[in-house]
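Below you'll find a set of structures to go through.
Two complexes, one shared chain (chain A), two partners (chain B, chain C).
Moving on to the complex of A and B:
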């Protein structure tokens, strides 16, 4: 606990120091990461903590963005709020729309809940281009940041600090909420809403309030986005954004508070870095997501927790061979996949197919990849990924064997329960809480 | 009259097409409780398979082969992906199919490029069935509707009249009981998933030639298929048919209606007041044709969540 608190503090200090270290474009990237992190965190209040999977959170993000733009003043109108307070508009409108949408959607649970959120978001998405005064039609709206409090908000650095303060504040607020009795009730809502209603709580009101709070925080994220790019159009309501936040949150891990923040930051950074390098980055993103779903259901945060738990359990000396082997295996398999995909993309591209047709049945011209020429007909070009995959598979097997030996050796020493199952912990916690209330 | 007849015909055919895609989805949901986000990906795969195969074999065999291949894809997804995450719960299953739909779309872009293909109706089928109000009505539209109707009949009879159908229905209704009685429920699941994917693939192979075949076709149809399944009632084949027709007809008719709420108020003599309000009041029905299905879905979910013909609620 001490460690993690120290780490978080260090991370915050680092975030404040970043503009002094990084270049402008990187500061912009971090800005995007922060916004995505807040969005995922707000989404997780509903999805991870209250157990309601929403498929239309882009709606509240977009509403927040447009509300902020309207408050900012469109096309030279007077700004309603000083620039640093603009996200408040997103928060208020987000909260109100969340209250309305939440009232309807939390009447149902499970898949039906997801479907209602999806329907509401799509309703907005299909109507937005026609509501010209609100969303500016197909072209969208654009505004301008006005100087306030002696700051011009003209440079990226000012915007970065504005975003940072708001994101930290909003995430801090949400963390505080989870500690309050209300926050505990939200967890109980996920674990057993029937029991909660038998205890005399109004489950519908609770769900609505949680939905509204989540929409409010999402609205702040949307507002920050609008401030940083000073424009927005109806494409923000697209299903794509709703799905992205789901992906980010689950890749990060829904059961840990910091998980979605981590996931969103990592995936946004990955998106920024990879989209510069390759056109197939969405494919890689999809593959990562599916792998996480299949083999790491607790996400990155779950992986980190498993690692720390195991470090406590076994000595580092015993554990490092397993870690090293898994890292090598991951590296080899990743290399194999990337090589295959990039090679395929280059060979299948239109330009190359034209070249190949010109060669008239002769040998196809070589492909430039990773600083080397590869002949599509040669053995090396296709043998290399095969070798990588086989070697990767071999290392996976080695790591698995090592791990089994380690577990068998320690199983007779202690049978301490893993703290991977944070979910279980939370359950017992909330049950404990309920039991206490029942007694009272 | 011309507008009415043409809209009726087109709407019905579009509805039947929607049914072909959503039939598998509703069966899969009814059985496994999983909303399969990758379902329309099989629709897209069917279209691309058929398009590719047409370079080597003729039209009909390639459609049949594409259907089989899409079904095979479905079986692989169920057997090697979904079954693995089953123990983590429904949310994970749903999200897995979601990730798979992502991958399939990106792979299609990788192999075929991010632009529409020139998959077209073969010349031999490119003639008009009859003339209506001076315009030719393509026979291919009727063919699509016919295939869909035939499929509905086949699946319906299979489910209600055969022994396999009884086992499948019991596995949908009480999977544990069916398993206790000695039926291999996971195999049934796999089979239904495969058949559902094959049906979607067939729809794609047939419709891809008429509409466009592009890497976004799964996404475009994806949400509307959910609407059909929810409105019809999750797990109900007849409901899916009814909902498909309703949505097909409503979107086909709405496109041509040039009225708005202002006109409605004008009928009661409050037109100018409504005009002054602007915003929602001035929206034309034609511009809302994409919105209507979602509004319908919302109303159904709030009023009758089990859907028009659904039993489970």
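Moving on to the complex of A and C:
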């Protein structure tokens, strides 16, 4: 508890110091990470805490963004609010639209709830280009940040601090809410809404309020996005954004408050970095999601908690070899996967297929990859990934053996089994991972 | 004689072609402990669902405290002073025992929309939660997840949650199912104690419990009440013996 508080404090201090350390483009990337983190956190109020999986949260993100743009003053109009308070517009309109949408969708639960949220979001997505005055048609709207409080808000740094303060405030508010009577009821709503109504609670009102609060916080995130890029168009309502927040949240872990924040930050960073490096980054994102869901359903947060639990249980000296072996195994398997995917992508690309046809029965031309030429027909081009997979599998085995020895040694001393069970799962995880990747 | 606190008047309920409740009249007096017995499939649970708002009757009136409640949503009926437990344990499995009871207690403090106060600082809620946990002997399991309790502990929690809203009428649906003798004895004593000054309607298969606990017993067979009376009257009623007890013996 004390450790995590210290870590959070350190992270906040670091976030405030970042502009002094990082380049402008990286500060912009962190800005995006913060917005995605707030979005995922707001989404998780509904998904993880209240147990209602929304497939249409892009709607409230977009509504927040457009509301903020309107408040900003479009096409040289007066700004309704001073720049630092603009996200309030996103919050208010987000709350109201969440109240309306939530009233309908929370009448149903489970899959039906998800389908209603999806339908409402798609409805908005289809209508938005036709509502010229609200969403600016297909071209969208753009605004301008006006100076306020002696700040120009012209530079990325000003925008970054504006985002940071709002994101921290909104996440802090949401955390506070989890400690209130209402916040506890939200958890009960997830656990057993039927029982809740027989205890005298109005489940529909409770669900609607939760939906509205989630939409409100989502609206703030949308507003911050609108402030930082000073524009938006109807594409913001696309399904893509709705699904991305679901993925980010689950990769981070829905059961821990900080999980979605972590997941969104990591995945946004991954998206930024990987999309610069490879065209296949969406495929990698998909692979990561599938693997996390299959072998680590508690997400990154679950992994962190399992690690800390085991570090408490075993001496670090004994645990490190297992971790090191697992890391090596993961690295080798990842390299094998990346090599195979990149190679296949290049060979299957249209350009290359043309070249291959021109070679007319002769040997296919080499492929440029990782600063080397690889011949598609040569043994080494296909032998390398096989070697990587086999070596990765070998390290998985080593890690598992090491872990078993550690477990057996400690089970003599203590009878507790939960964390043993956990790490046991992790090692079988890596094995499955291997199988999975070989299949892929 | 005291006035009835809960009464049903010619209540009918069908599911498709199946006519489950066929014109039930029942009057529960204030302060009375009443058991409803009957063979499997007689409609006892359906009766409870109708009273507590889970189901709507097709015909007839249900009156709680001079107010018609048929077809009202469960939370409204709860506000009017009626709480129930469930035959199949119905708790919040992923939350701690303390949290389960506290959620049940919070309701009568009107805290559903309280977003500004820290719940840990609301002391009377915590105190009442503790006292209910003590009553149902779960204080030692305060921080255990409800889903990890043993079966009989979950039953006790279920009853604790039912009591938490301080109801005037309590409906217990087979509270002793699956309990050992010792647990049953404790539960009977507990129910007797906590229903002091309240009205109780209980469905139970353990006849020892039924005959020792209740002031009066109603016998429900195929959706109709065939008899109501004191335990002695019921024991000696020939129709009851034929329709219910006789069946049990021959079975």
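FYI, the second predicted complex is superposed on the first by the 413 of 440 C-alpha atoms of A that agree within 3 Å, B and C clash if a C-alpha of one lies under 4 Å from a C-alpha of the other, contacts with A are read in each partner's own complex, and residues count from 1 in each chain.
The rule is simple: a residue touches a chain if its C-beta (ideal position, glycine included) is under 8 Å from a C-beta of that chain, and two chains touch if they have at least 3 such contacts.
This one's a predicted model, so the numbers in the text were calculated from it and none came from an experiment.
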Which superposed partner A:116 touches (first chain B, second chain C, both, neither): first
Chain B versus chain C as contact partner of A:337, first or second or both or neither: neither
Touching partner for A:104 - first (chain B), second (chain C), both, neither: first
After superposition on the shared chain, which partner residues are touched by A:202: those of chain B (first), chain C (second), both, or neither? second
Between chain B (first) and chain C (second), which, if any, makes contact with A:181: first, second, both or neither? second
Once the two complexes are aligned on chain A, which partner has more residues of chain A within touching range, chain B or chain C? B
Would you sort A:272 into first (chain B), second (chain C), both or neither based on which partner it touches? neither
Chain B versus chain C as contact partner of A:345, first or second or both or neither: first
Of all residues in chain A, which touch chain C in the complex? 177, 179-185, 187-188, 190-192, 194-203, 205-206, 209
In their shared complex, at which residues does chain A touch chain B? 53, 104, 107-108, 110-112, 114-116, 118-120, 122-123, 126-127, 130-131, 133-134, 239, 243, 246-247, 250, 280, 282-283, 285-287, 289-290, 293-294, 297, 341, 344-345, 348-350
Chain B - residues contacting chain A, complex: 29, 33, 35, 81, 84-85, 88, 90-92, 94-96, 98-100, 102-103, 106-107, 109-111, 113, 219, 223, 226-227, 230, 234, 278-280, 283, 287-288, 290-291, 294-295, 297-298, 301-302, 305
Any idea which chain C residues touch chain A in the complex? 52-54, 73-75, 78-79, 83-84, 86, 90-95, 99, 102-104, 106-109, 111-120, 122, 125, 161, 164-165
